[in-house]
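Same chain, two partners: chain A is paired with chain B first, then with chain C.
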Partner chain A sequence: MSHATPGTPSRVHLDNGGRAPWHPLARQAFEQALGDGWADPRRLHAEGRRAARLLDGAREAVAAVLGARTQEVHFTPGHTASLQTAVASAAAGRRRAGSTVVTSAVERAAVLQAAAYTAAAAGAHPAGVTEPAARPGGPVPVDRLGRVDADAMIAAIRAPGVALAALQHANGEVGTVQPVEVVHDAARAAGVPLLVDAGASVGHVAVPGAWDLLAADPADWGGPAGVGVLAVRQRVRTASAGPEDEDPWAPGGVSVPLAFAAAVALQAVEADRVEQAARRRALVDRVRAQVSHIPDVEVVGDPEGRLPHVATFSFLYVDGEALVTELDRHGFAVGSGSACTSSTLEPSHVLAAMGVLTHGNVRIALDRATTADEIDRFCAVLPGAVARVREMLGVGGL
Partner chain B sequence: MSHATPGTPSRVHLDNGGRAPWHPLARQAFEQALGDGWADPRRLHAEGRRAARLLDGAREAVAAVLGARTQEVHFTPGHTASLQTAVASAAAGRRRAGSTVVTSAVERAAVLQAAAYTAAAAGAHPAGVTEPAARPGGPVPVDRLGRVDADAMIAAIRAPGVALAALQHANGEVGTVQPVEVVHDAARAAGVPLLVDAGASVGHVAVPGAWDLLAADPADWGGPAGVGVLAVRQRVRTASAGPEDEDPWAPGGVSVPLAFAAAVALQAVEADRVEQAARRRALVDRVRAQVSHIPDVEVVGDPEGRLPHVATFSFLYVDGEALVTELDRHGFAVGSGSACTSSTLEPSHVLAAMGVLTHGNVRIALDRATTADEIDRFCAVLPGAVARVREMLGVGGL
Partner chain C sequence: MSGTLVDARGLHCPLPVIRLAAAAKGLPAGTELTVLSTDPAAKLDVPAWCRMRGHEHVSTVEHTGDRDGWAVTVRLA
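Presenting the complex of A and B:
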């Protein structure tokens, strides 16, 4: 998507994973809700009731897309909060079963850290002690395409002492879609609830039905940051894992305009999701094909079972930060390293778990407004940028 | 403030505590930041750096108002989150000193519940067990005006085993200002950090300097809901009390447009705060005087040391919900019961702690746009509304 600002008329933003520009209808909805729904929806007067109706409508709209009941959908302060609360409250609800949270190795940091915290807290530590407890087996490994070993995950779920399992729908960093159906079948048979992190997929591909708890991220589909979505099937037993509050999913309550804008954006992107997916998949295929001609590159992630809008590659003899900076100088914004913590540019735990190159990494996530022309320009600029960075690092001859 | 909507041309909204309409400049700022600051501020490219600059500017502006250093100011997901995180992380930072959190009896439910949770979690319970532990003395009592017994609070702070003390700057439900300076002096001498909940006061009266942690609420001063402010003096030792995250104050990061709008709103209300306070104090004095002529009423809260924009009264022989509904029918939105949980209409713990009438309660919080004419109309309508509700309840002759 071009953001025409003075001096940068042809800026191309290809780093839309987890923080996309707002959908135009979301902005309209937000404005409307600021006028109609700014009041506290828990109040009894007309303004409060109007806000409550907007909030109910938002939950209903989100529920319809997720294939959930309205009362199963909760708004949270954001996607990380959704994941933390989901792990903590589902684990607390099954405290008698155990405290192990089975995860894949490529879950978001928030899930891995919440799982470690749950295990540590149950180990008779007082709250606040966060050293990850040693957990038999650790996260379940993935293959070189980023796909979890489903047999190993199922075996881990069937082991004693498991409170919860967590498997993402698709990995936002490399695009690989996970086998959530088969894992969910096994988890149901074992009586273990499955948390599906769909934060990188909802709005881009069809929402799976195979979940007991499902987290989705409005900021990823063109809604606002500052609000998250967590759906919890009614059959799932949860318990509070923090101080009491009227709303355990969003302590203090949620902002109605944010929730309403999130719901409207979701409806809007669902309306032409299939066309958008096909269009972006074609562009991503083009990028993946073109990039593969650059010397010493590894195109990352499952070539088939993948998100339609994400493409990731790692270059040998290149520093990721330098490449992001070089591309930025030429008008292209891209991500690098870990989708969750790209600022730190620490080696991505996702790439490391896949056994692929962890340095020289570039990730693009196409917006709905990204054009074929922008992708062509990116493909034209990338080889030179890689060569220049290699030259700066003294490996130009390679 | 009149919200002219079709069919309700002269609606008067007097329930602005904790959820006020946005300041016009906050809306402008939000729109601007949506264009400039929608990207993830942790990213390295131009869009990310632009968002980071907006966020830095917002922190700097808030810090200037709060009398804090920029690096001491953190944005959170909201005021309840600020209070929960402040209690949890300050208590975790002083785990060796003890696990008691000394509070007044009129703190917000979020503070009381976080204090109870901290004590329970330290009592060798696994995380998630939320039964409040018996704590010697319990919350420190207040007098009939809502003012905390400073001597008793200081004695409680000096007792062994205290991790943290919490005293609000002013009570949002009844307006009473607390003696934070004298309590802070004693807490400093005892080496106990003091959390000051200024969620009902910042933007309305001068910010006190007497704090170690200070929480303030943008939604109360005309900024957005969905973002909170927590300032922590650099000398305060804190520790994580939950899963690790890059940003322990707002896991997953904060929405830059929300933070920016919050800061702009704060600057805007600070610019004419003194005039606004004088104007609203005169209106509140008028209401308090007029209401005192209604039979069987108790005008609540300190008549002198109080917030300029809050007025609260309790009527004998009246049901609070019925009175809110009756006033709503005549075009006036007011609060009732507890400022934090007015939807439930459970007896307010604040009113109960003060030993005043807990039923038949009405609270108004004037917006900056509330006019003298609106207040006069409210004063004209209120006696009849009270009489009608008493009649419905069969106490019309009293």
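Presenting the complex of A and C:
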């Protein structure tokens, strides 16, 4: 390429899961809402009413995409807060039925921790999510591809004492899509509400209708961080799990400009979602095929039933932290679920539950702006980076 | 059991698996090796290594007390 400056390669950001760059229209909407929606929407003067109109419009727009009624959609302080509040308030609404929250083993840590907390608060099970799949009555196991055992999950939901069930739409770490429809059918028949964490999927694939509570993450679809979306069907009984507040889903209220930018971003990504999904799926297929030619690699997650923009693989005899650093040095930002890259030195509970190699793990999530050229460059650099890290550890011939 | 022991305590991923693989090199099929590790990733990654190399994962025993960690035993193919 004639315009490229030798020696100063541009950065390629492939770690967009849960924190993607803002969509250009979201930035525009945010600017506009700073002017029109800075006021407290709960106040009765003209400025407050103008902010309230923006917030109502944002809820309406999000509701239309999620297939919900406007009054079923709530903005929260963020995705983790959405999941915590959803578990706490739905479980509190059914405390007479029991205190067990049935989850898959690959739910986000926020869901697993909230489920353990709910059970511990009721004195039912000890808190803590170490060894999640191994504890009887604990999270429901997944197969090698990361898909939950639907029969086991349904059996757990039908057991006595269940307040709530939680199953993600798709796993953001490995991309595998979960059987939410069949689990929701069974949960409905059992009278147990189902929380669907769609934080990794909304904006990338069609939103499922199979949910009673649905959490979605604006920071993942090109909207701002610092605001979350939680939809709760009107038929679901909830109870406040915290101190009284005018807005129990976001005590003190949410930022109107953030909520408005989140809604505009969602409308924008929905407008060409199908084309974007097809384009990114082709690029991810290319990455998975190319990576499988590197010696001693496990390409992780379901090859078919998966998110279009996520790819994950683990390299044998590779230090995950060293590989992330080596790729960063060459201009590529990637994620990893390896223990050495986490603050706790514990490997990803998702990889652990799947029984795949946890060391040498690399995970990429393509942005809408990621180009085919960037992916080709990544595929060209990766084999050498893996080889160099292996060389440092002296693993030739093993 | 041949009793071959690989002490990888105190080492982090992927070193316990690498030490095990190095110890296994050249040993005849059917040999059993046990790797001791304090790294929680090793108890997951040794069985994965077995799967990728065709070896058999025999057992994983958790030690507590003054010898915290795991003893993972494999049988070579």
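By definition in this document, the second predicted complex is superposed on the first by the 365 of 398 C-alpha atoms of A that agree within 3 Å, B and C clash if a C-alpha of one lies under 4 Å from a C-alpha of the other, contacts with A are read in each partner's own complex, and residues count from 1 in each chain.
As a working rule, a contact is a pair of C-beta atoms (placed from the backbone, for glycine too) under 8 Å apart; a residue touches a chain by one contact, two chains touch by 3 or more.
None of these values were measured; they are calculated from a predicted model.
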Of the partners chain B and chain C, which touch A:Arg11 in the superposed model: first, second, both, neither? first
Partner chain(s) touched by A:Pro383 [first = chain B, second = chain C, both, neither]: neither
Quick one: is A:Gly57 in contact with chain B, with chain C, with both, or with neither? Answer first, second, both or neither. neither
Could you let me know whether more residues of chain A are touched by chain B or by chain C? B
I'd like to know which partner A:Pro347 touches here: chain B for first, chain C for second, both or neither. second
So, does A:Glu298 touch the first partner chain B, the second partner chain C, both, or neither? second
So, A:Gly67: does it touch chain B (first), chain C (second), both, or neither? neither
Now for A:Ala116: first (chain B), second (chain C), both, or neither, which partner does it touch? first
Where on chain A do chain B and chain C both make contact? 345
Given the complex with chain A, which residues does chain C contribute to the contact? 12-15, 17-18, 21-22, 25, 39-41, 44-45, 47-49, 52
What does chain B use to touch chain A in their complex? 3, 8, 11, 13, 15, 18-19, 21-22, 27, 34, 38-40, 42-48, 77-81, 84, 87-88, 91-92, 95, 109-110, 113-114, 116-118, 121-122, 124, 126-128, 130, 224-227, 239-246, 250-258, 321, 324-325, 327-328, 333-336, 341-345
Per the touch rule, the chain A residues reaching chain C in their complex are 296, 298, 314, 316-320, 338-340, 345-347, 351-352, 355-360, 393, 395, 397-398
